[in-house]
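In structure tokens below, several structures.
Heads up, the next two complexes both have subunit A, just with different partners, subunit B and then subunit C.
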Partner chain A sequence: MNNGKKIALVIGWGSVKCAAALGLLRVLKREGIGIDMVIASGGGSIFGALFALGYDVEEIVSMNQRLWTHEVTEKTNRLAILQLILPKIFKVGEYFNLRDDQLMNERLFEALGKQTFKDTTIPLFISATDYKTGKHIVISQGSIYQAVRATVALPLVFPPIQVDNQLLADGYLSEPLPIGVAIQEGAQIIIAMGFESISQEARNSFSDYLLHLSGILSNNLLQASLSFYNLAHHSELFIIFPQFEDDIHMFDTHKVPEIIQIGEAEGEKLLPKLKQKLEFSQ
Partner chain B sequence: MNIHDQQVDHVTIITIEGSIDALTAPKITEHIDGLVSDGKVKLVADFSGVDYTSSAGLRVLLAAVKETRSKSGDLFLVGVQPDVEKVLKLTGFTSILKIFPDIDSAVKSFA
Partner chain C sequence: MKKDGRPSLALVIGSGGIKCAAAIGVLQVLETENIAIDMVVGCSGGAVYGAAIAQGFSADQLVETSAKAWTSDITRRINFSSLLKIIFPKRFGFDDEIGIIDDRIMAENIETIFGAKTTFADTRVPFYCVATDFHTGEPVVISKGKLAKAIRISSGIPIVFKPLEWEGKLLIDGALSNPLPVDVAIKAGADLIIALGFEPPLEHSVNSPVNFASQMFSILENQLLAKKFAFYNLAYHSEIIAIVPEFKEKIRCNDVSKVPFIVDQGRREAEKHIHYLKQALAMK
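Presenting the complex of A and B:
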């Protein structure tokens, strides 16, 4: 079905919203359209990694329901509260995080274990950010668990982690939708699913306020990089931004089935254009 | 500005010396277009002698990368000098182009 064309799937940063990629993958699988490489950032890396490791889409959906539950992100890190109230005593270092990451780490490890990038069935690239320099880092070797854990380290919420000699944090800080990696790796058809992150709802807490500001920055970064990638790619770049009727918050794991359906609908919309591109040479 | 090439296996090494700006960019475009027309689409641009590139140079690179990739080839850069590398980084070109430390590694990556 791919007619010899190299297809890359890019899943951008978007926390729980990234589950929409599973809906898209469901449609592609049904149509027999293969993905030749996956590039993912933030929450998208969990689904991207499992897919690249050869898990079936339905298996990933079921794993996600079991592993990514509300309690994963529920526990507050008490030290962070003290750091906020008494910064002179409890100094804010590189590891300031409002949520405790222990359960998340356990669940990620349960899903990914000791698998490495060598275990994938198709090439996998995970996008992260060097916490100290802000440089975009593309991880394509070593432990997948560590790479995923690094790229879900949303600033203020979860702490960055040390991978080899680098302190790595969320990929969205440098590349919210890492299309550049797909271009660099020679993909002809790029299907990129991205997510905007601004909430229109009232902000009731300090963290909501900070996340709103961070959303403004990342959305603008996303738009700027998209302009460039649209010009830079030599072939077809399909960009999908699923539209959610209600605000989806970072920890709304109970909305995952609905999010997957929205992703599926986006996949159906893409299909005629994608098939046309696959049938005719560029 | 000087430009000349040599063939290493199935890869064409283009050596560019001098500054790339609005005055010199057309010469590079013409040169690369000629190579692509001859079916030479696996290109390595040796930038060790390039001391400056303007936006015109970036446009040349972008056009060459897109043209070669659309014909199943690519354009890699080697020997990029710090000032030029800074421009490539600031403009996002390092996220779409592959840069290698030397010609050997660039040629091997085409294999």
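Presenting the complex of A and C:
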């Protein structure tokens, strides 16, 4: 149905909100529109990776319900609090984090196991950030579990991880919506779903405050990237920013069904324009 | 374009703390060549030098400005109530107006340099400075009101200094939304723009929560600077002359002793571009 056009799906940073991409994929599947490559950053990489591995959208939806239960993200790392108060005694390294990542790691491993980028049915690219140099890193080989774990490492929340010789952290620090990768990989039509990173709710603690500040920067980075890619791109770019009525927290895993529905509605809105573009290119 | 047909030249000074003193070196080169600046835009530390240049301070006066702005006691007074709010948020009531360093000395320093009553209307050439809306994260351009307060707002590094109210908005450091505000000069009608920018330094080793957080912010700001600049270059390429001095050694935020070295670097970088600038001015 793609009339020979190479379509890329880019799923941006947005933690649990990234599940909206599943709603979009549901619509595309119904219409027989295939995706030729997936590029993802942060939480988007979980859904992007499963989709690239050939899982059906409905399968990912039900896997998601099993994997992302509330307890995954609720365990506080007690050591971090001691590190904050007494940094000299409880040494802080590059792995400083406020949440315990053990359960998240187990669940991610359960979903992705030992699969590598070679096992995908369509090309998959995952964006992360080198925490030492600050550079954007695109991962397209090796363990998918490791790549996903790296890009969901939101600093201060989950610790960065060592992959080969690099210390990798969240893609949101360098490329919250990695459209540039899709352009470089020769996509002719790019569907990019991004998410705002600023919460409208009151901040009740210092870590909320730090995350709000980094959200301001990342949101401005996202806007600057979009302006740049809009001007520079040589392919068709469809940008979707799902709007959520309530504030969705990073750990609101129970809101996923509602998020998927919002993504689906966005997919329906996109459809006429996308179809027109595909027909024109016949 | 100005009334006399001469192209309008803007100097934009990005965020960079005391490294913004490199603007003095740029000004020295322009003074030698008799090139006048028609408007100035500043962000954060750049707002301090930008406002002074807009006021008509000479390069020599600006060296004095550095010593007056970054006095050694600027970070000495701790704001204990903010610290308590951070450590015991529930008991002391956490709010958005956190600032670990008491900002009174900094605010006084800025008032000493510019005068407490001076407004944007008093500057010799138009001056704009940028800040960030703490709630929406959007960039805000300040172009009227008290000069000293605007400069204090623009250089309000979050967590270190508390955010300040301005026209009903709570504002913080412009570096979080627009570290090198070239667009402000474009919108104000500049034909040619000298953009002096600074890359925030990355940490050599991450061994405290402060280091860890500072690394996160430096990475984000670097990426933001690069992306914004790539966009401006694509959209308005020929009119922007970028000067990005590199500093091999780490410069602490109030290390006044490094100012001569910083000025030197700024001058050297500016000299590399002066030929092109003169050519561009003649062609416009």
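The rule we apply is simple: the second predicted complex is superposed on the first by the 281 of 282 C-alpha atoms of A that agree within 3 Å, B and C clash if a C-alpha of one lies under 4 Å from a C-alpha of the other, contacts with A are read in each partner's own complex, and residues count from 1 in each chain.
By definition in this document, a contact is a pair of C-beta atoms (placed from the backbone, for glycine too) under 8 Å apart; a residue touches a chain by one contact, two chains touch by 3 or more.
A quick note: this is a predicted structure, and the numbers were derived from the prediction, not measured.
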If you stack the two complexes on chain A, which partner ends up touching A:I122: first (subunit B), second (subunit C), both, or neither? neither
Per the contact definition in the header, classify A:I183: touching subunit B only (first), subunit C only (second), both, or neither. first
Examine A:A232 and indicate which partner it touches, taking first as subunit B and second as subunit C; both and neither are also allowed. both
Looking at A:M63 after the superposition, I want to know if it touches subunit B, subunit C, both of them or none. Which is it: first, second, both, neither? neither
Pick one for A:A265: touches subunit B only (first), subunit C only (second), both, or neither. neither
Now for A:L103: first (subunit B), second (subunit C), both, or neither, which partner does it touch? neither
Residue contacts on subunit A - larger count, subunit B or subunit C: C
According to the stated criteria, A:S214 is in contact with first (subunit B), second (subunit C), both, or neither; which is it? second
Can you list the residues of subunit A that touch subunit B in one structure and subunit C in the other? 136, 175, 225, 228, 231-232
Could you pull out which subunit C residues touch subunit A in their complex? 86-87, 89, 94, 96, 98, 132, 134-137, 139, 158-159, 176-178, 202, 206-213, 215-224, 227-228, 230-231, 234-235
Note which residues of subunit A are touching subunit C in the complex, please. 83-85, 87, 91-94, 96, 129, 131-134, 136, 155-156, 173-175, 198, 200, 203-206, 208-210, 213-221, 224-225, 227-228, 231-232
Subunit A partner contacts - residues on subunit B that touch it in the complex: 62, 65-67, 69-70, 74, 92, 95-98
Of all residues in subunit A, those that touch subunit B in their complex: 136, 175, 180-181, 183-184, 186, 225, 228-229, 231-235, 282
